[in-house]
């Protein structure tokens, strides 16, 4: 149990896919100008990564190594397409907001990376925990970025005005430039925290 | 020594290909299944969405009907009468194309419009889809649809501060729609 | 329904086509890379210290996998554990690595050692050494600009306020990087568990050494006389301990008791405890 | 003229990395030195062009005809991954010099946002065949320009006294932000 | 006027001593004669402690060709042979002679010789015997320079009279006062080299020296040229470029373009050795700086100490911050005054705080002044930054580290007060060390 | 002799590598001189735009210095706020802002300039982009309306919002522009003296050029840079005129916008431009070309800020390829 917890929890901070592993950076910038889209994307990835980890850990022994990559991709793409279809049918507005990035979930490096380095070597339960943890880490990072950008860049949270009327939001935060710079400092901050934790451990 | 070495038999070309094909087969099954389930819901939602957006443009309406001979045109029908045409239009904005849906009465008055996609700067150019800019355009006819930068001129459309280009783009697109409708209906 | 069947068909065809193409290409164009290299690199500690003699961990991994003559135990920071793993991966047997730790052979702190000039220049031992061997009168002593500290890949060194580097025994892996960068050869690698150590590097004659530094080894030989196992010799006016004899035979070292300057002492690892401060505090006089 | 506009727009004005956030993983991953970045830029351009070409054909002649657009994602990604893998094997065997130049980056880009994103955008925007190609080349060159610039900046910063916590990825993002800020100068220059 | 690229214009500070005739210093009580006063193979002592020696007697030598004999500079008793402080190497094995007050010549010197009657080979032999090394600072054995390998055809000789270092006036005074010896020295050297073209390059801030030598060399093949005053005009590569328009190739030597350059002091030593049989046992040097009471140009015995020089110049004048052996741009700072004068000591400077600048070092602000000042066409900014980050291999391979002649022009102009030359030296030593290690590896 | 030994004992000699003398130039001296060169333009701005301009400049400088102080305190580095570089960054940034900008925007800009553009890269000497311009560009995207709202002083008391000359040119065309001023000669006069609308410090061409000449005389900037950058703009705007080739008004373009202050004071920021003379020339010409491109073709009326930032981006590449000619490398 303890072990599963540690598999799960490392994705949240110590091996956070965005802040530490620096994988799947595009969505962290592209769809984080509001909390809602960040959250949707985060949850989508959480779902895809977990489902794919499970799927890969099941089929890992049947896959011929020569086509390992294509098979993994098929698995991911299937899951993504399913998510696409579901979102399109039941949440068309969100589907539109995520735009092309929803399709691009297929190629988010974090998903394939987990399949390669974890799921293809571990059993279903462990792979499930790993996927859940990584996905949660991703989603949390997305929401943090989206939250900061929306609150300070538009003065709203989930679309609701929360800043005083006199708050004059600097638009830079919802533009590419501001997003890059903000994430740069977030990465720096996480680095400091991770180092502190590791020091405390040692 | 190398991890890549498996027993030779599993390496025949066909076997490898079948392995992938198998995966694709399973995938195809799943996707086809999900598609089968969601397709109708999706189509329905899309239709609903379209109606909603059109309803937002024209209130008090019974139904929307496609206009014959005009792709993507709809007419809003109330009491059997066509009260407005809903027409797609577009123009070049500050950074790229701006797509609008414009509701125009048959005599060429702007009822309402909605910018459905654009690349204008958030917080600046994208205000062209909000009040108070919007109300300047609503109710105008073709001759009023021109952007000026003179606060005393109430006849025309006032440019938004810092976003003249976006103002002009939105206004132009609306004017284009009005013109087309007037051309179609003959201005009655 | 028709669409679903079509989809299935397309998918299977796609899979078949790409599968065939890839499999065919694989046969035709195969060039193998040895995946073992990555496995080995994963095992290495990635300090990139170069103590293995290669330009970084990756280079060593490559060498140890591809070249049958390269032994698996060259990574010193990795100690036995890594050597064993690398050995298992490559099918080579690892000889035991002697565990060792850095030892600073100088006690010429700001108070103890005489300074001959005011140094004005780049705060680096190698650079200072270019100017008449540095600001210390003793030609063999630590210059205190912390070049070793800056270069330790494992953060095991800190500069004490007394102007001498301090080794953190828990972090030091014995990689020997500091030994190679110190222009004065002040740092040596000493076996973990050594009983006594000489804390001076001066090869000057006694009188000169004494003049330059109050705690210098003056080469008087009293320690040598006091070691019944003959583990100590005098080389160039400096006491040298043969650790092998010392560690094997001696339980109760007495050699240092008579040392008039205290240049030899128990190799208590934490003799500098309380001295460790950050490098910024390092200002040579 | 239309093609030129499209090209320039893709290269600078609407640079994919700096304004549309595609391909950031390699943009940050491989921009540590100029030579590698140059190789990467070339590799991305080549792969993107080839995959756009194939993807356009498959989309227009198969998926669209059979009403199977919901399979676009999966088919494209398989197509690209396989093409890249094939390309890599062929080059490695037959044009080793080219392989040494940018072969090592090929596998990195087999599954990557830009390489999938551009073909998707092409079909989404209903570009003609030749427009797709121009767009793909332009996007690739734009990616190359951005990554080479980024690498040269990072090479310079390697010698700077960057705070420890920001060193590496953090400062790279901040640099990218400033690069994007500078590229805003081109905004409004061309609209497509 | 055409000029070489770069260079700087420091305040020349020559006013302290320019008008002071060369004074012969009193006989020292004791001399410390280091065995390393030249570049090349070390010499070993042929006298022992307790021996009596005479002035001009050979006391150390080597069989190697690239080496320089060492002679006693006073008569007296050898009282010690041990390590002593050295102005360049820190410490060095030295012969200490206590004066007997006689100042007696060794047997056979001085003599009178007609140099015109000797052939090149004999002249060269005399120069070698006399232990003459370059006195412009580099101390390269002169007989070696005068015997270039056969594939290097020498066609031009240049007398380096530029003395571009601030403060120093020894060469200038020598040119005014020893004009005849310089003339014969130059002609001897040209005979040894077998060349017909000679130049004397003098900075145009010394017009009377130009005039004096012009009249002395009237009617010979030697042209005396006034050069713009700009540091480092005296660096041989710059000098050759200015006088002959030839560029010594990167990593090359003057002989690669058919030129030999000698310093004024060296030429005087050659003349003395050939015409009077006197080996190199004394030299003219400038003692100057704001911390010395009476700055002077002194003729001193090799092995006298800096302290001797100071006491002949009236002692200190206020607070002393730095002692420099040589000029302020290229000289070596010393930590003590008990340092012997050696063959290459062209000056001793006693500087007070106000002369030197020890401002805080900033990060490089890329102003490009150093790039513009560097006569070698390097990028000193980058060299310093790479040195600072220990990237010395890159400095060597991509930024031409090895071409730097350490002239200090870059440091002089740098507003960030960066220790560029020190970083460069650091990088050079580290590279050398690395090369050694690699060689050792190959050997194993 | 006794004297010497005593001195030696009391006071150890200093030993360092040669050279032992250096020129009297130093970073603080250069930075303060540049500040001084800006003083005439600052005084003019204070007089012409009045209190709002004074406040903006004050806030700009104070926040810049305070930010630098705090960061150096946190990073445990030497405090170097006295070297004048932070003051200069703050002042130059403020001089590029519209006079009536709300103070918190100015403060935000100063903070960005020092904290993000300068100290995130390591502080003075390490920054790649011109901090003042990064701040301006960031403010421009953050509050575009405020950043493009210009107040003109018709009389001392009467403040109205109008457009800057370049804005009028972009929106309404050249004829309209000249009309605003009456005739061309009074337009040139206003542009030269600075009695026109614009950012706080950019209006008075004469005083800026005066300051620039002082810096050229002191050797702190190279004359080629401003001359080539302004010249390039002049030539290109003349060629690509509104009514066909060679119909432009180069004089107007050379005096308009931030070109003069940019060319003399910002394109010359040695930290962010190439190190070699040739590189600097390429930089200046490149910045000139980009300025014209943005002014004539881009979405913004003024391009100096972006052109300098864009050239900052390529500076490392220029430095990589434009290197000094090594002595002895053959000719």
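To keep things simple, chains are lettered A, B, C, D, E and F as they appear, and every chain counts its residues starting from 1.
Assume a residue touches a chain if its C-beta (ideal position, glycine included) is under 8 Å from a C-beta of that chain, and two chains touch if they have at least 3 such contacts.
What you are looking at is a predicted structure, and each value in this text was computed from that prediction instead of being measured.
Any chain bridging chain B and chain E, meaning touching each of them, is among C, D, F; the list is complete. For the pair chain C and chain E, chains touching both partners: D, F.
Separation of chain B from chain F in touch steps, taking the shortest path, is 1. Taking each chain's centre as the mean of its C-alpha atoms, the one that lies farthest from the centre of chain D is E. Across the two candidate interfaces, A-B and C-D, the one carrying more C-beta contacts is A-B. Centre-to-centre separation of chain A and chain D, using mean CA positions: 21 Å.
The distance from the centre of chain C to the centre of chain F, with each centre set as the mean of the Cα atoms, comes to 50 Å.
Between chain D and chain F, the centres computed from C-alpha atoms are 35 Å apart.
Centre-to-centre separation of chain B and chain D, using mean CA positions: 28 Å. Residue numbers of chain E whose C-beta contacts span two or more other chains: 333, 335-336, 358, 363, 419, 422, 425.
For chain B, the set of residues touching two or more other chains reads 4, 15-16, 19-20, 23-24, 27, 31, 35, 39, 94-95, 121, 123-124, 165.
For chain F, the set of residues touching two or more other chains reads 12-17, 116, 120, 122-123, 126, 138, 141, 144, 299. A complete list of chain pairs in contact reads A-B, A-C, A-D, A-F, B-C, B-D, B-F, C-D, C-E, C-F, D-E, D-F, E-F. By the touch criterion stated above, chain A contacts chain D in their complex at residues 22-26, 29-30, 69-70, 73-74, 77-78, 80-81, 84-85, 100, 103-104, 106-109, 112, 175-185, 187-189, 191-192, 195. By the touch criterion stated above, chain C contacts chain D in their complex at residues 3, 6-7, 10-11, 14-15, 18, 21-22, 25-26, 28-31. Those residues of chain D that touch chain C in the shared complex are 62-63, 66-68, 70-71, 74-75, 78-79, 82, 85-86, 89-90, 92-93.
Listed in rising order, the residues of chain D touching chain A in the complex are 18-25, 28-29, 70-74, 77-78, 81-82, 85, 110-113, 115-117, 120-121, 124, 163, 165-166, 169-178, 180-181, 184. Chain F contributes residues 75, 116-117, 119-123, 126, 128-129, 134, 137-138, 140-141, 290, 293-294, 297-300, 303, 305-307, 309-310, 312-314, 316-317, 319-320 to its touches with chain D in the complex.
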